[in-house]
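By written order: A, B, C, D, E and F. Residues from 1 in each chain.
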């Protein structure tokens, strides 16, 4: 959240957003499962102009030994933005932002995967962002969930990545790039659609307690919509034998 | 030693130094043992404006295997300057000066710790410089000695870190920052107060053989003074149950 | 190959090259085996103004375990240019060009060393370029071959490193620095002198199929010449007990 | 490394939770003793030492002159980093920044940055040419639980007492850094199935996920972060959010008091 | 890691080679299906997706403004890099660039650079002051064999469809990047003792050395590379060189067709 | 790695020390044969090769144009680094600079720098704009003991024969680098309980601490360093200091002789 760019207008006079969406309307989402032949499970999520691909490998023996856990699998997540995924090229290599997102995404997925079924093993989840337009971490979580399901990894629920935010003192669902750059707050969360629990939570900017409540309400609504698309993608994969 | 800054006057007309000390007078030193609850042993040394903290962990199993020694413990020392410890901020990370000081400090401590009592194990010594005003490696050695004693690690003697140097062709004890920057030589040593042996030795600048002798004489005198303060700190720790 | 520097003349009117060589003439080559007392085998190759030194250590146990091969030795090659080996100093450390040359050189040497005789072991080959004047990878391959022989490692043939190229639309043998900088193509290969097979191949620039044929013809001719010098160096080593 | 969390510690923490108490006798929303000291480091332009139970953290502020980014010619910059060096505890290992230290630094950074307490325009010296870069470095010396709150407190306290060293850089007179607000972090850990405030090292070892909440002077949220394995419900969040409000008011008073000294 | 190549796979590949066939039924010089899509990535100024059998590769082109090197004041620069990230297959591990990824990037880079298809002078904006730096990044998402050819094809296709984002950098109007030629790579792997075109993942696992040949529009060689353990004879090279010529013509047509769309 | 120092070697070294001899028959203060060659590397502006027993070391000097530091506008810079690459011996491993190589480079660097033999002002070309950066790189090719002295000798010999490549950089005519003095290092290793001069590889393997002494032309100390585990008495130091004085005079003559050639 950069804030402070008060002169950029993000809401039209009729209350709609620059791209015509309503405040509680999300960008178009499409999902395809089983897109990468080399992976044990995979998915591609297109969310607005974001493109996130996730590959799952495993469960496999955890190497080196010191990362093994006696009573469960470890989930090794790498969230990575391709060099050409952003307006300014990103240099490959170490990146503090990616490391943090990888860490909290891994912890979220560990909260739903039945890790205790695979002691001493490792499940690798590779999230690659091919195109970024605000909201990549959420698209990545959604893609990872579908890829895990595609790989046949048992989970107690899916996680749906969604975000709401605040622009011009108004809470809106699913910020796009301009709204993210010039907006006032962003609240990305990972929601378990069946239990209504939250496995992923970040937020920055400025939200009053009431605004937080409304943003979360939008997030839960969107999570249900995306969850349906996830389920359809998996059904198509098993029915039609996609990829 | 930068040398060559002949126009900076470091000695007053009465032969005393800019901060009023005599040539063979050291800066005030205070020591506290047991300052870090998480460590097995610890100490904080304030030497002039220098602040050095040392933490000791172990003896513990040496990992990875290839660093193990069959007949003794290895001592793993990290000397590190906090980013805010100097006038210009230091970037965290790799640093050739710190690596060298860590190496020779570790070798000095291995010379007094009864390492043969703990085969295949490791003793970690972490030296953190919080404020630097010339003489941090010596303050760090002193702090490490006290922290090892606080951790109950058996030693055949303590090591006291002291330094003398040369300013305006005069040998003086314990250079402060200005004296270090504009002086002609620095001779930091680590002295075993009971045996009079030397476990740590570095020197740079320009010293005639006679000047070296005098500088060493000052160093031995100072080592005895600091040794008393070290012993008092450890007594306070065990009596009063500090920290 | 920089190409495009059409205004630099590399051939004289009589068809000879700037240093007087004919188009199919190579620079002077001299080789000495057994130059490094610490190594199990070693060689120094002077090829024109290039100086390449190779050291061989092993066969030794392969560490860490995960690089071991059950049925053969691995050959671990490092090609490195000394900081002072080039006109502009090279910073020590990671270098993409060196990594690539090390990889393909190692693969070439694995093609001739009887690696199956040493299961689970490692042979270290260190190639150090002390002076570079175009053609260092070839001089390094030649030096490595002699060093392996000097170490007594059994091989089914030697590899001779040679290169031809193209300048002013003319195929020439063994480019020197100016010819490499301003020429049109370079074709460095590693030839097995006894079998006539090729174990190392790189090329860049622009060569028609016919030019490629001629360049290869030159390379085979040069390989035989250098091979004789290699054999002589090894004979001197065993006869005279050099080094 | 074999699993470090002994099952027995978890059992004990569950039992204590059922009895409504904690391993060190505290109540669910009770914090450990806190002490805060500022201006404690020679060479740092602002500094603070925080002791929370057995956790000890230092923060130091340094300034540097920078050329502003071309698209923001009148804005300085703020950077906050945390080092989790091996000094902090037996479990910490040397090496490149761990994911834990990156998360810690970035969560503290976001809390301060997003509160808007530093007006980047106020760091401008000559537009397009010279601005201040403000760097807060946090150093954890002893980790006995809840280093996030200790680091957040040390960072804002060091920042609020920092003096801009303009004289040393030849760009005017030294002056206090202008800081408009006191963002404070409150962290909660799930222990024995329920959340507690200010977990100690045993509770962290035998506990589950953490939630970090940074609140501004008006009680607005400026940063949220969930860490570690585990999920929570909106109702649970509502409960800890109320506790966070009270906790932040208390710690903010402590900062104000230190400044008054 | 124990030896991954099962002796049995080698035996089977030898047997198939004697019968004149391949593990997936192809003939010696028969390639798998290829599909090429361009302009497929938001934010990349040129992009391409190549699918070769089960191998999937993306390439993206980005531009940046640079100061030219003092000794070449009128020349821009071209850089091509490949990442072999763990997404690409079970065998890939995280970490610094592997020798394999460095070789891949450099071989693709040389094929494009040495063909002269980019005139570095055409990347000059203001001599001595401002030139374009063109960066092609290749991203392997799924490796089921012959990633070199897939990467080479994606790189040149992305480059040939790239639009110079002059407006965004305030140096004129957007325009198509000028590319004079379509260098194409053809790679051969020794499988069962003989070379085959476009090896799949099983053939690579049980095969030996590779030869990579990049040819320009006129059939000239622009880059050669031998990789992995093994040797070959000049006669073998002559045979695969003829196959490479045909293969490159075919793939070059595919690039031209994509551009026509 | 299990302990490499065989107890038997130590025993033997102790026995030899009692008999007043050394493993290769030398006396306590007797050095091995030394040879020094300069101007031996194309492309280096100064170079030297030192052979000390089975130890072989090269040093090369390179120059670059630099902008001086703002607070020292008339001073150039000197940097000396040593690489201990795996070529040097079986025990050396690839990887980032080891503590051993850092210590080696820094001790050699200090000896030269602190002797004042390079007047940094003499490296100034245009005050505040252009100064020379002088870089000495040391490369150990074969370590059979006492690389410190070999590196120190190679470094100063390369420096004293270096030619400033002013023409290549377009800043005047090539000229000999001005070097005012010949600092020389002498190193001692505790073997069999007593110190010896110029230890070989067996003595280092079965020995203890080392003391490195760098002396200037007038016999003043410019650098001291103790390395490895062990302690020494002031009386021991006094004894080796006398030996160091003689050793340094001898090696300094060798440098002068090489220059004369």
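FYI, a contact is a pair of C-beta atoms (placed from the backbone, for glycine too) under 8 Å apart; a residue touches a chain by one contact, two chains touch by 3 or more.
Bear in mind that the values here come from a model prediction, so they are computed numbers and not experimental data.
Undergrad: Along the shortest chain of touching chains, how many steps lie between chain A and chain B?
TA: Minimal hop count between chain A and chain B: 2.
Undergrad: Could you tell me which chain lies farthest from chain B when each chain's centre is the average position of its Cα atoms?
TA: The chain farthest from chain B, judged by C-alpha centres, is E.
Undergrad: Please identify the chain with the largest separation between its CA centroid and the CA centroid of chain A.
TA: Using the mean of the C-alpha atoms as each chain's centre, the farthest one from chain A is F.
Undergrad: Identify, among B-D, B-F or A-E, the interface equivalent of C-E, where equivalent means over half of the contact pairs coincide by residue number.
TA: Of the listed pairs B-D, B-F or A-E, the one copying the C-E interface is B-F.
Undergrad: On a C-alpha centroid basis, what's the spacing between chain A and chain F, in Å?
TA: Those two chain centres are 57 Å apart.
Undergrad: What's the distance between the Cα centroids of chain D and chain F, rounded to whole Å?
TA: Spacing between the chain centres: roughly 48 Å.
Undergrad: Per the centroid of Cα atoms for each chain, what is the distance between chain B and chain C, given in Å?
TA: Spacing between the chain centres: roughly 51 Å.
Undergrad: Listing for chain D: what residues touch at least two other chains?
TA: 96-97
Undergrad: Line, ring, star, complete or other: which describes how these chains touch one another?
TA: Chain contacts: single closed ring, each chain with exactly two partners.
Undergrad: Ring chains in order, chain B leading off, chain F next?
TA: B, F, C, E, A, D
Undergrad: Any idea which chain E residues touch chain A in the complex?
TA: 41-44, 47, 54-56, 58, 60-62, 64, 81, 83, 85-90, 94, 96-97, 135, 137, 139, 141-144, 168, 201
Undergrad: Under the stated contact criterion, what part of chain C meets chain E in this complex?
TA: Listed in rising order, the residues are 1, 3-4, 66-71, 94, 96-97, 99-100, 102-104, 107-108, 110-112, 187, 192, 195-209, 212, 216.
Undergrad: Okay, in this complex, where on chain C does chain F touch?
TA: 35-40, 49, 51, 53, 55, 57, 60, 78, 80, 82-89, 92-93, 124, 126, 128, 130-133
Undergrad: Would you tell me which residues of chain D are touching chain A in their complex?
TA: 1-3, 96-97, 99-100, 102-103, 105-106, 110, 113-116, 120, 209, 211, 216, 218-234, 237, 241
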